[in-house]
Amino acid sequence: MAWSRDDMARRAAQELKDGYYVNLGIGIPTLVANYIPEGVDVTLQSENGMLGMGPFPYDGEEDPDLINAGKQTITALRRSSYFNSADSFAMIRGGHIDLSILGAMEVSENGDIANWMIPGKMVKGMGGAMDLVAGVKRCLVTMDHTNRAGASKFLKSCSLPLTGKNCIAMVITDLGVFERDGSGQFRVSELAPGITLDEVRAKTEADIDYP
Amino acid sequence: MAWSRDDMARRAAQELKDGYYVNLGIGIPTLVANYIPEGVDVTLQSENGMLGMGPFPYDGEEDPDLINAGKQTITALRRSSYFNSADSFAMIRGGHIDLSILGAMEVSENGDIANWMIPGKMVKGMGGAMDLVAGVKRCLVTMDHTNRAGASKFLKSCSLPLTGKNCIAMVITDLGVFERDGSGQFRVSELAPGITLDEVRAKTEADIDYP
Amino acid sequence: MSKKIYENAAHALEGLTFDGMSVMAGGFGLCGIPENLIAALRDSGAQNITAIFNNAGVDGFGLGLLLETRQIKKMVSSYVGENKEFERQYLAGELELEFNPQGTMAERIRAGGAGIPGFYTKTGVGTVIADGKPTREFDGETYIMETGLTCDVALVKAWRGDAQGNLQFKDTARNFNPMMATAGEITIVEVDELVEVGSFNPNFIHTPGVFVQRIIQAKCEKRIEKVTTRGPRPIEGDA
Amino acid sequence: MSKKIYENAAHALEGLTFDGMSVMAGGFGLCGIPENLIAALRDSGAQNITAIFNNAGVDGFGLGLLLETRQIKKMVSSYVGENKEFERQYLAGELELEFNPQGTMAERIRAGGAGIPGFYTKTGVGTVIADGKPTREFDGETYIMETGLTCDVALVKAWRGDAQGNLQFKDTARNFNPMMATAGEITIVEVDELVEVGSFNPNFIHTPGVFVQRIIQAKCEKRIEKVTTRGPRPIEGDA
């Protein structure tokens, strides 16, 4: 059975290491915060200007001056600090964040990612996504393996405008985990329960390494 | 009679306008703080990271964590703020300081200044001087008109390595005040009491405008 | 020095607005936006504004006010996904739009205020953002050049300010505000609280007064875009 | 996360020093220098150090310690006028020296920590500082390109810090310290006071913990270079 969104988030959370500073994107990546392994201390960065992001507030305790990069109300922790947007992206661009987990519309076999624009439709803007994929030490994508029409989102090369080139180290989809090795090629490193390599082959356009 | 150091400082202080943010160099410029005209509110910047520099402390009240750019102990005012060196020079380079008053070894007729190095002798370094002359809106020099050997320090072109090119708007020496007009040429705009134009002519190598 | 304090937003903008002006306004989404100054800018009637705002506000609030009245000619932003009127004007070709990666935008504004006319970044290399921009190699890697940004008037929202123009910002309402304060030919600030000079610990002033020309105290509505909670606070004693 | 706290300066440097390493140390003159970490670096015996320090300390104190033992191969500084041993070594050709205008040096360190490999400035245009550096015109004016600076180990002096590595600096002892904290492959901090996590107001943390790998609490001597006073405090009631 293919992984659910929560399964993907749980698997992504296994990539968190003790002491890591992590930036989580919108969607499935946000769920990762619910599955941080026990004994692993992780500090979440929110690129609008916060390190040490806490949980959502209790009802009625929302503070309009305290939101995350998804514009949701959040809370602070004892360790938290606030800073301005230039300092926040200096932190990101300068390689001080260990891991970024992002959603994607497309990922290519050479690690390109597209997740900000569909030409002809409305353009919302890239926000901080281009900065994150260019600056964070390791970037990981969680996404459905195929789109609603059943077409592969894991491609030979991206058809949509890129967010970044050669920057994704790992892709976690509903079908499994795909990790890049030293040669730069993605390989199947894990399958979701009941998923076969043949099913992955059928649903993957990218040239990846099968065991 | 030629102006004393304090006379020069007093004259330089006449250039301060209400609401100005000002950076004062070491030597005669430091004395300018003693002659700020009444009713003129001026905020002093110290490039090591302070806006709103106060007077020297009372005996025994020195704080090693609070010094000015000349490394002297100082005090804070109610308006003061501290910041880091990058922010301090962002303030200077970005043109947010209204006036800088500096000492000089040489000034040339096209507004070049040399005040940081004598080749062959020890090189101490430029500190923040190059940043100040490049960034501050208006730069003013106070210096003796001639060196100890009697040679002019107001030259056709500087012989010493430059601190900055075409950046000095006014020179105040022991002989008078020399201001650049729209054409970029310095002219004698004031004489110290008892100083004649002939004396200025004799002691000035620079081609300046005499009334 | 109480010369910096103005009575209200309209007074603070007096003599500073004109057709074709460039304006920055702080804020991330609706968090930390200078609500009253934006409304006063709309009321000033200035046209053909180049608006350097990270976001486009929502319909009818924040920067949405200036879009409704079509006072904006060009937007420089990183994300405009929350505003339908923006979408309509943009698709109809009534509005120019320049997208900047958020970190590049923040750095461009800081650079503008710091006298840095250009800098290199790897953000956007290999994307449409790099189109037409000069590149340079450092240690074998390619970077693109981005330029510093300044503006005629910067509109800033702070938490507390004093008559000297010293400012403190609150939580994530800080965002773009401190950099924009440095990048305006004139910077106007609205604060929740105007405090006595000397109230601040000088170590904890986010924006030194030198960057601020005018300041008002004003009440903000502070709308929340996405109220998100984890449910009711547990009764004391529960886990 | 108390894994960041080390017992003393020698322990904090363990495993990080090597011949040919590059080191930054904060401070302006003797104000805000990491005294204990500098002494421990001397004791480590590392040779051929590239030292990125704004000043050279004084004879026998601060960075002067590393000059006495000739552990420094190259200095990157803006002003070294206070140290005679430096002068001797430099004139004897035993020491390389790279002068940077102070603001350029501060910005280069910030840029290094911020992932910016190069930027343009007008500081130094037309001077020896511009020799050999790329130039570019912006709006008809010439600017020179300066590069970002990073280092193997940054030694930082802060006022207060917590186990997360969050830091606050005091008065003008802040100077280069916060930028250097961002520019070290490893950043080690000595603080006057180690405080509980949660003691800081999160709005007033100068350096977020992400930049700090190791931290010690240590007593500093804090020598004053130029004690300057205006005389005795007047008796109460006098003017």
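By letter and in written order, the chains are A, B, C and D; residue numbering begins at 1 in each of them.
In this text, a contact is a pair of C-beta atoms (placed from the backbone, for glycine too) under 8 Å apart; a residue touches a chain by one contact, two chains touch by 3 or more.
Since the model is a prediction, treat every value here as computed from it, not as a measurement.
Chain centres here are means of the Cα atoms, and by that rule the chain farthest away from chain C is B. If each chain is reduced to the centroid of its CA atoms, chain B and chain C end up 36 Å from each other. Taking each chain's centre as the mean of its C-alpha atoms, chain C lies 32 Å from chain D.
Centres computed as Cα averages put chain A at a distance of 27 Å from chain C.
Across the assembly, chain A contributes 76, 82-83, 89-90, 92-93, 135 as residues in contact with two or more other chains. Contacts with at least two other chains are made by residues 107, 110, 114-116, 121-122, 169-171, 174, 202-203 of chain C. The set of touching chain pairs reads A-C, A-D, B-C, B-D, C-D, using the touch definition from the header. The residues of chain D lying in touch with chain A in their complex are 1, 3, 110, 112-116, 162, 164, 166, 182, 197-198, 200, 202-203, 205, 208-211. The part of chain B that touches chain C in the complex is made up of residues 19, 21, 41, 43, 45, 51-52, 76, 78-83, 89-97, 135.
Interface residues of chain D, counted against chain B in their complex, comprise 28-32, 54, 77-82, 87, 90-91, 97, 99, 101-107, 109-110, 121-129, 159, 169-179, 206, 222-233. If you check the complex, the residues on chain C that touch chain D are 107, 111, 114-122, 136, 138-139, 141, 143, 147, 168-171, 174, 201-204. Interface of chain A with chain C (complex): residues 46-50, 55-74, 76, 82-86, 88-90, 92-93, 112, 122-131, 134-135, 161-166.
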